[in-house]
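Could you have a look at this structure, given as structure tokens, before my questions?
A, B, C and D are the chain letters, set down in written order, and residue numbers restart from 1 in every chain.
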């Protein structure tokens, strides 16, 4: 213990903190410590986020004017394919599970590590290998099929590096599966004494639901992509319409994965937001059990709604009706979650910290994203809107406004735990507000564009759409600047930030009972859980006193 | 009795570790079911579209070699089961012998498959071959696409399985028989897939 | 060291299951090769299901596994049925 | 604002704006509550903060679950009910054939007039589009009509509209189809029926579609076997369209456009009971447009026979 220059009592990083337990490159690259793997993931997804973001910026710059003057059609097609592929598989899907999930899940359930630490390391290597394949495809000249790889464009007509990219995604799928298996096994078998299912933090539940989807959806994508590889590499005509192949079948197996994949992105975000809101509002999560069941229901029904991507694809009206119906049904658990987050604020003692701003932003943006989902679940409206900018805006509200906001919120929330240092709260709050503003500025006009009929994936467009495109592109510049801001103040915090205490947020979870940053083996003694996850009880303590019961204490 | 099993981080008791390994492997097998399931789905649709063409194509598949392979794989599953149970019971001579037998049978499967491929190719039974006997025939062409695709994917699975089984020989089996147990599970799964492929590729009648 | 009786149980058990698998396979082959019999594909698939059950129960000891493991084994099949059901809901009504 | 230029458009817009209203309402509720709570319960206020009674969270929870379920099912019913009539294709519609290719729309009127990246239609007449693609998936989307339908290779897809207002409207390819996807656009020109008739007669007329098919029928050698005097055993095509055909394996199919097309391109796929598969495959021999014409001719055989009766 020593008094640092701020005059506060702060602990030097533990001798055996996971950060100091070895400083060689080898000790990082061959570490099986879930916390180090989380850091490896964090570094690599950041790289991919900025690659994908650069592509997005180029796309929006091109769309400032109706003519295709900044890029050629081919370059534009390669840019949006790159943006989609990178953002979906190399950023969004591994983002929260790979970083926060890996770091926090074992801590939250009171385990020393995930169930299969070496598999966990392998998952990162698979991710990196896959990333290299995909980047190779990019450097050699790109891929122009869109992230959906629809046949027969991808198999017979595209003259680009489809094989490399498809193989890259095939490999990254295994990384996802490995993470999923690890998390499910960890939650089932490594919960510490007293950590019953109904005492699991919602983030752990979110990881459980996400992992289910990862494990059960990804292999079908793997098969779809492998068939594309087989068709391109060996010429086996599997989807070839000339021998009776049905392009709609590819869409079925593609969306069997790719719709649940949306839930791989949003369920972890829901978990993060639940943690942040409960802690920052100093309030027990409203309807904890409903929150749990809602996530599980989303994970299961999420598998039965993929056909709403195919209302105009030549699917039978009967199937469209069923898929439409189930898509409306899945809106219910999502709505339950939104209401419960709102309800959690009731009678709280709310701190407007940066993570809380991200979380509240998430609630608004996710709600709008979800509501616009109802438009796309209604067949007649979807026929008009599908493949227009309305769809683009809708899924960006879910994936950027939802998943990315939550990722940033979670990153800030657990930053003191992960790095052992505090960041500048004012900078962080400004960045959160800036991003919220920039996001809406970018994507709200796209709803209007979509209703007016502007198709997506157009690098040229009729001039009457220009007003809204200029708005959206201007917003994108604001957003791009916003995403650079955390790099600076978080980078500064990493090197010069004030030391954080063990539990700077006065939170209840097991992860906060360890030192910051946590020791290599997480807990010196296996912790024993004696109470529910969100025992914040503001009313029986005078302000200023501890108003939370850690999970290790009896309620 | 067998000696104390080796514990791997983060486990503290052997029973828990074994449960986790078996559970983890079954989770993986669930993904494999869905992986091959995607294939079987496409196969089912294609076959329903043109059952006659499928049968025409399948008539040229080498039933003898396919059946020999089925028996080889079935037998290898039995020998690997012996190996696993012997390891668990501490009967190391038996375990080693059975593992070697499994390796021999698995390799024989791949060798037979190789012969079969050579024969298929010499008969131009590859959809892109210029002399493909069924060119223009929808069902038969798709049958042969599926045949090549799935047998190659299965052979890759089997090769990985051979690697895993071979690794058992280098392990301290009396203390790590759990590894043998999960390896066996994977091997049996690859066997079941073949048991399903055999009628779908070789016994296709009109 | 394990006694010989235990060794014999191990080997004989495996041989027993192997023999059952072999006989099932042979019956499948015979049924497929005899011309004129109806429902060849369903018959072959029934045999495969029986064989798979033998491998799962006898070799993989699914029957003795924990409820968790048995559920996991089932879940793959259930999710696969989602793919088949929903896709065929489209294909059969086009 | 986007014109409502088809009979379908108002019903789509009704649901669209209804959903906008619902969204505004829910956003107002959620946003309003978040703001109100954020202000009232911010740190430092002396608002009451006691525990919630157990029953409260349960009742509230069940309440909003049931009410959102009700709203969701209501919207489903509303949208589905509006869609059902559009699933039924109108009888006696003007039938236009569309062949899509990278990156062009080829359109053919029943009278044989062809257009590229343009479609002229009369106002107030239901128009049915029979579409297929020569290469990849495209999509025929007309925002002003609120219609959109993917155009698939190897299959026919159909959609229809009835234009309500004279004018020029955008036609977009709305399924990404490769390099010049953004240039695969066209114009739908809606005209008064008289103007349409004048326009039609001013166009260079080919043979009408069925007539063109009739010439191909001889030129490609179809008549040599399927003709009335052919000596090779081949099924007669008169009255085939729309009938039930029994195949060699005993199953029955309806002889629709897809069947006719498949049987021209890949005759061995579905062989009529009692015949052997001796017909050569026309895939790659007959172009997509020629197949369209042949199918039109075979369909017309049906018409002529029933007219003769």
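Operating definition for what follows: contacts are C-beta pairs under 8 Å (C-beta built on N, C-alpha and C of every residue); 3 or more make two chains touch, one makes a residue touch a chain.
Predicted model only: the values in this text are computed from it and were never measured.
Peer 1: So which one's got more C-beta contacts, A-C or A-B?
Peer 2: A-B
Peer 1: Centroid of chain A to centroid of chain C, CA atoms only: how many Å?
Peer 2: Distance between chain centres: 39 Å.
Peer 1: Could you tell me the distance, in whole angstrom, between the mean C-alpha positions of chain B and chain D?
Peer 2: The computed centroid separation for chain B versus chain D comes out at 44 Å.
Peer 1: Can you work out the whole-Å distance between the CA centroids of chain A and chain B?
Peer 2: 35
Peer 1: Among all residues of chain D, which ones touch two or more of the remaining chains?
Peer 2: If we look for residues of chain D contacting two or more partner chains, we find 266, 269, 283.
Peer 1: Return the residues of chain B touching two or more other chains; collapse runs of consecutive numbers into ranges.
Peer 2: Only 19, 23, 27, 30-34, 37-38, 41, 45, 49-50, 138-139 qualify.
Peer 1: Pull out every residue in chain C that's touching 2 or more other chains.
Peer 2: In chain C, the residues touching two or more other chains are 68, 75-76, 79, 83, 87, 91.
Peer 1: By the document's touch rule, what are all the touching chain pairs in this structure?
Peer 2: Final set of chain pairs in contact is A-B, A-C, A-D, B-C, B-D.
Peer 1: In the complex, go through chain C and note every residue touching chain B.
Peer 2: Where chain C meets chain B, its residues are 1-2, 6-7, 10-11, 13-15, 17-18, 21-22, 25, 28-29, 32, 40-41, 44-45, 47-48, 51-52, 55-56, 58-60, 65-66, 68-69, 72-73, 75-77, 79-80, 83-84, 87, 91.
Peer 1: Using the touch definition from the top, list the residues of chain A that touch chain B in their complex.
Peer 2: 32, 106, 111-117, 119, 177, 180-182, 184-185, 188-190, 215-220, 222-224, 226-227, 230, 234-238, 243-246, 249, 253, 256
Peer 1: For a test of understanding, state which residues of chain A touch chain D in their complex under the given definition.
Peer 2: 68, 73-74, 76-77, 144-146, 148, 150, 152-153, 156-158, 241-248, 281, 286-287, 290, 312-314, 317, 321, 324-325, 328-329, 331-332, 335-336, 338-340, 342-343, 345-352, 360, 363-364, 367-368, 371-372, 374-375, 377-381, 383-384, 386-388, 451-453, 455-462, 537-539
Peer 1: Sort out for me which residues of chain C touch chain A in the complex.
Peer 2: Per the touch definition, chain C meets chain A at residues 68, 75-76, 79, 82-83, 86-87, 89-94.
Peer 1: In their shared complex, at which residues does chain B touch chain D?
Peer 2: Those residues of chain B that touch chain D are 49-53, 136-139, 206.
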